[in-house]
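One structure follows; several queries about it will come next.
Per-chain numbering from 1; labels A, B, C and D assigned in written order.
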Amino acid sequence: MKNTFGTSVCLTVFGESHGPFIGAVLDGIAPGIEVNEDDIRHALTLRRPAGRISTSRQEKDEYTIASGVFEGKTTGTPIAIIIPNADTRSKDYKKTYGLARPGHADFAAYCKYHGFEDFRGGGHFSGRVTSALVAAGAIARAALAKKGIYIGTHIKELAGVPDRAFDDLKADIDDLYTKVFPVLSAEAEQKMRAEIESAASDGDSVGGLLETVIIGMPAGVGEPYFDSLESVISHMMFSVPGVKGVLFGAGMDFAKMRGSEANDAFRIENGRVYTKTNNNGGVNGGITNGNPVTFTTVIKPTPSIYKKQETIDFVENTEKDISIEGRHDPCIAHRARIVVDSLTAIALCDMLACRYGTDWINE
Amino acid sequence: MKNTFGTSVCLTVFGESHGPFIGAVLDGIAPGIEVNEDDIRHALTLRRPAGRISTSRQEKDEYTIASGVFEGKTTGTPIAIIIPNADTRSKDYKKTYGLARPGHADFAAYCKYHGFEDFRGGGHFSGRVTSALVAAGAIARAALAKKGIYIGTHIKELAGVPDRAFDDLKADIDDLYTKVFPVLSAEAEQKMRAEIESAASDGDSVGGLLETVIIGMPAGVGEPYFDSLESVISHMMFSVPGVKGVLFGAGMDFAKMRGSEANDAFRIENGRVYTKTNNNGGVNGGITNGNPVTFTTVIKPTPSIYKKQETIDFVENTEKDISIEGRHDPCIAHRARIVVDSLTAIALCDMLACRYGTDWINE
Amino acid sequence: MKNTFGTSVCLTVFGESHGPFIGAVLDGIAPGIEVNEDDIRHALTLRRPAGRISTSRQEKDEYTIASGVFEGKTTGTPIAIIIPNADTRSKDYKKTYGLARPGHADFAAYCKYHGFEDFRGGGHFSGRVTSALVAAGAIARAALAKKGIYIGTHIKELAGVPDRAFDDLKADIDDLYTKVFPVLSAEAEQKMRAEIESAASDGDSVGGLLETVIIGMPAGVGEPYFDSLESVISHMMFSVPGVKGVLFGAGMDFAKMRGSEANDAFRIENGRVYTKTNNNGGVNGGITNGNPVTFTTVIKPTPSIYKKQETIDFVENTEKDISIEGRHDPCIAHRARIVVDSLTAIALCDMLACRYGTDWINE
Amino acid sequence: MKNTFGTSVCLTVFGESHGPFIGAVLDGIAPGIEVNEDDIRHALTLRRPAGRISTSRQEKDEYTIASGVFEGKTTGTPIAIIIPNADTRSKDYKKTYGLARPGHADFAAYCKYHGFEDFRGGGHFSGRVTSALVAAGAIARAALAKKGIYIGTHIKELAGVPDRAFDDLKADIDDLYTKVFPVLSAEAEQKMRAEIESAASDGDSVGGLLETVIIGMPAGVGEPYFDSLESVISHMMFSVPGVKGVLFGAGMDFAKMRGSEANDAFRIENGRVYTKTNNNGGVNGGITNGNPVTFTTVIKPTPSIYKKQETIDFVENTEKDISIEGRHDPCIAHRARIVVDSLTAIALCDMLACRYGTDWINE
């Protein structure tokens, strides 16, 4: 039980919202991968608050690669990324310690850390910590790209508004990567933005679904017990703040399907095996079958809302009301997208290194 | 990447459907837990095929506790449970090797094991292997019961038919444990059984949702990154054959909720903190908050169906049709229930031992 | 903290001396490795008591490969090996429970397991448990042999009597594997046997040093922190009952050397790098350098002796004397040899699979 | 296989000698431990070069606690310590890349990282990286002290000169902690210093033995297989640069002892069990028995020496001579001492948290 993920490619995270630095250590990435700092900066931009649908906080994310990169390439030793915290208003928080924000980890953290937790701005639980993960993920994605493995995520549904389905996978992935608000249909995007603004004007927030597709994964990756590809991906995804569900392939629809609909018929085209449908999301028995891997994550509405809520003060042990002041996001689905992409990339690097060895990505 | 789960309480699984033995090793359970063999036998009964809605195979599950139990109590050293295979008809399988059953792991396993896999009866991927896990889980559940922690799972929905919601949690858990077909509403049970029989008579199968509730979990268990309670439970659940989704608390509904609906208001009753709703399923920020932990697993329809399907022969590299002969289940949701309960129990034992030490369960 | 070793190739052990079965699960071995049962039987013979210098117990070691082997080859799924216990005289033990045998784990186990441990015949701490590890090791050694990697161990010193040094490594390894008493020099063997018999006739026991050499390891295996090759090997070796020290290369001599003597000069022969000396035992900075890997393990004298010793009864909490009755070994160094070889093989398989992937051994 | 150690308390290391930062992440330390920055600074002083017997490099070790400490106490979340590199003369190194320093990791690293490694100043293999581990260790030692667990290490032997044995353990531990050159006997210290200076004047270096004692460890910690206390400690110790052997208790002497000498007689004093001798170093069957834990590490002579040595250029693939210029240590045993203490402390915190839970240290 720890703040490190992985077997061969490992990710360690540290930092609190208002501490000196947040950071991540990415260990086990093959040597010789080019580290493109523009990629890292772009990825960080995708996580940063965006216009009216996000918090007005200014997060600069001026990261330093502290180790593991030499002359622009990975060395094979641990890559540490550190990001100093700035624009923190710590004094806002102290007076409210004990007041549990509903939907947040405040009370659970108190039960775990007995009041020693750094509570300022959510502390270690702040979404801010994910910026280091995103920077690390950019390097993992570069490694995967060398093998033709690409990951893309769109908002499949937000406040009930659906996006169109993935179509040309590579083109859609490329398109999404250019967008701060990752929706495939322009019309859906307008409706979703309107829903977010409507919730914001009510002092409220909205949730949604993210759908991720991975192309290029070789068949034969994953274990039957207990490190199925689904197990490893879901393990990672449930660390993304706000994720409350992970579903592969047809997901919820399986509950209403019959086997004859759910099963994916195997076919051969140009000597290559594929399936006519992909209800199983590219995974059978925990192991990739060579099809695109697809999964959906459920993102709950941002728990920070302006509306008055009932809660407790766990220091005083009394019931109280709370109205969460300050700057916060009426929706985090669009910002969570690049966190999902980044952590997926790291989980895949780990599974591939376990399967094919630490240097495979270069072969 | 391996066939062992866990950090402090570990579970290793082995065996193939038609090999000499299947088995499991459960390591790290505190010494002194009473091992009630009736409990183990009852748990195995819940997994066994049941009447018209199941396969007609006779599975005897005559297990032996090979180690780790002395004079009726756990010793603290690894508990190995072995179950000999019987009533196997291996000759059925050899002639069909290469013919990939849609929805099954045959092709993925071939890509991973290069044709050396024991393909008979699904080999290591057979649901049969889970009987050893169920036996191990009975011991883990006994350990949890010493601390007042109980787990129950019902079929929340099957082929579109919903069960009633959990009501009196402890009573419902106790009730479910007596039932081979774990549904709370007698009326719902009738409809579900009818759906299964209808699918069976079409040579087809159905899927469903299982909902699990855990009562008695202390607050403060789980890690923010990366071993959140949700991560650890989902890691385990995606090893249960047929599971394609794991959702905590309100699950899919979060996508359509607003924050003001989704957030669970904290309240105090008799000095004890609880929440008015439990949309977050007892977990905030990856850590238990003292409420019941609830999650839903999506069970896909059994992939083995009599209906003719399109597929390939991956040895000959040709397209073929397949009709799966033999004895198989038109639904596995009810049989998967005890596997879910068992693996949940083991995952909880692991998280609790990590948090409170290896002897806590006895304190 | 657990009874499982490894990252990619994993070994789980279970069983007590007088329980129904002892066994081991070896997971992660590549599919397609030929399993030669004669090899396994021969390895078990090397561990079995041998003539006058060993216990008179009859250990049959009739193992069953319960899973993971199909048509004579590994499948890639977990290989479970189970060995039933026989010729146990449990009644001998019960009356003496509480009387801590000096040098044994009785008291430490009581502190850990609180009296629930299976104390009969040393329980889980019995050397008998290693027979399952030896059987598993025979399969790992077969895998390594496919890549030209061989392991051999001799008694370097016993009761002060030295063996000759390794000379022609492959020939010596082959020779040792034929010998129940693994000493290179016939003369040294005579003297060592005489020392064992002399100790036995005094109701006493002797210790010694085992030296292991590994040939064929590729350069570049091991991690700088914390999974150095030395770390991984020593982790494994300190699980061999009786091992109290692990030293690489020149070992103890480093303490008295100067850098100019200790450093191994690199040279090139036929385009291949080697070192003139091998004081570093084939490892620099935790990583193999392509030379043979050499290490020494210190084996303490068997703690079971007939001589009267002072001790306590930890149940009664009184001081007592003890004379250990029954059948025991005046020396275990020769029997520990194959345990060292076997566990080394498994540790190497793990490190190689991590480095080069799960299928490398077949490439 | 990774740059992270531990199960419950985890240590991750990163950094290269001439990169922007070195650092460490210590995760899993209980919340509420006081972090005394004077302790950290003192520990760093003990690692820093000292006068004539060390390199003339100026290492400032101006560390920052980047996370995990709030208002002077640990929070329970990961503690990251970062140390910027300064006084680096990178240009010295580039021209000599390819020239393998005998006894160093240069060639092994090249085989592992294929020339992408940051070779400047030893890169990730530099002893400099250990300064972050020492800072982390100071926090772990503070945690242990809350439970009365103390660690001390002296130079047991250097260039053949022995120190006196431990006597009053607590007093000796306290004394050693004040000394930059950790030797108990003043006379032995003079002789050892003379040996170092003599070697230095010959352009050579010396090795030695460090002996560590741990007092206050409860009985019952460690696993029989495979995480014996000896396995876990040795795993850690073989990550300390220069360590080539780890021996518990009587160590090498076991090879010449008889069982009747080696066995430690159990006795009772004031109701507490102890042993008359402590040849087993406080560990039986992998588990602590309540006595002081003692172990010895073999430190090889510093491989960097001024004397001319034979070697190769692995880029040009030619044989060459090398004289290592620059500033280096004629002995590292005294500086390695605090690294041994620090990593031992972290390993113990891990084992204790696994055994007794994450909060035990505060109970």
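In this text, a residue touches a chain if its C-beta (ideal position, glycine included) is under 8 Å from a C-beta of that chain, and two chains touch if they have at least 3 such contacts.
Being a predicted model, the structure only gives us computed values, none of them experimental.
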Please indicate which chain is farthest from subunit C, where distance is taken between mean Cα coordinates of the chains. A
Please work out which of A-C and A-D is bridged by more C-beta pairs in contact, and write that pair. A-D
Averaged-CA centre spacing for the pair subunit C and subunit A, given as whole angstrom: 45
Determine the centre-to-centre distance between subunit A and subunit B, using the mean Cα coordinates as centres, and give it in whole Å. 27
Whole-Å separation of chain centres (CA-atom averages), subunit A against subunit D: 38
Taking each residue of subunit B in turn, which ones touch at least two of the other chains? 1-4, 7-8, 13, 77, 112, 124, 224, 354-355, 359
Give every residue of subunit C touching subunit A within the complex, in rising order. 7-8, 77, 224, 354-360
In the complex, subunit B touches subunit A at residues 1-5, 7-8, 11, 13, 100, 102-109, 111-112, 124-125, 129, 157-160, 199, 202, 204-209, 218-228, 230-232, 234-236, 238-239, 241, 243-252, 254-268, 271, 273, 275-276, 279-281, 283-290, 298-305, 307, 309-312, 314, 317-319, 351, 354-355
Where on subunit A does subunit D make contact in their complex? 1-4, 6-8, 10, 12-16, 19-23, 25, 27-28, 31-32, 64-68, 70, 73-80, 82, 112-114, 116-118, 123-124, 359, 362
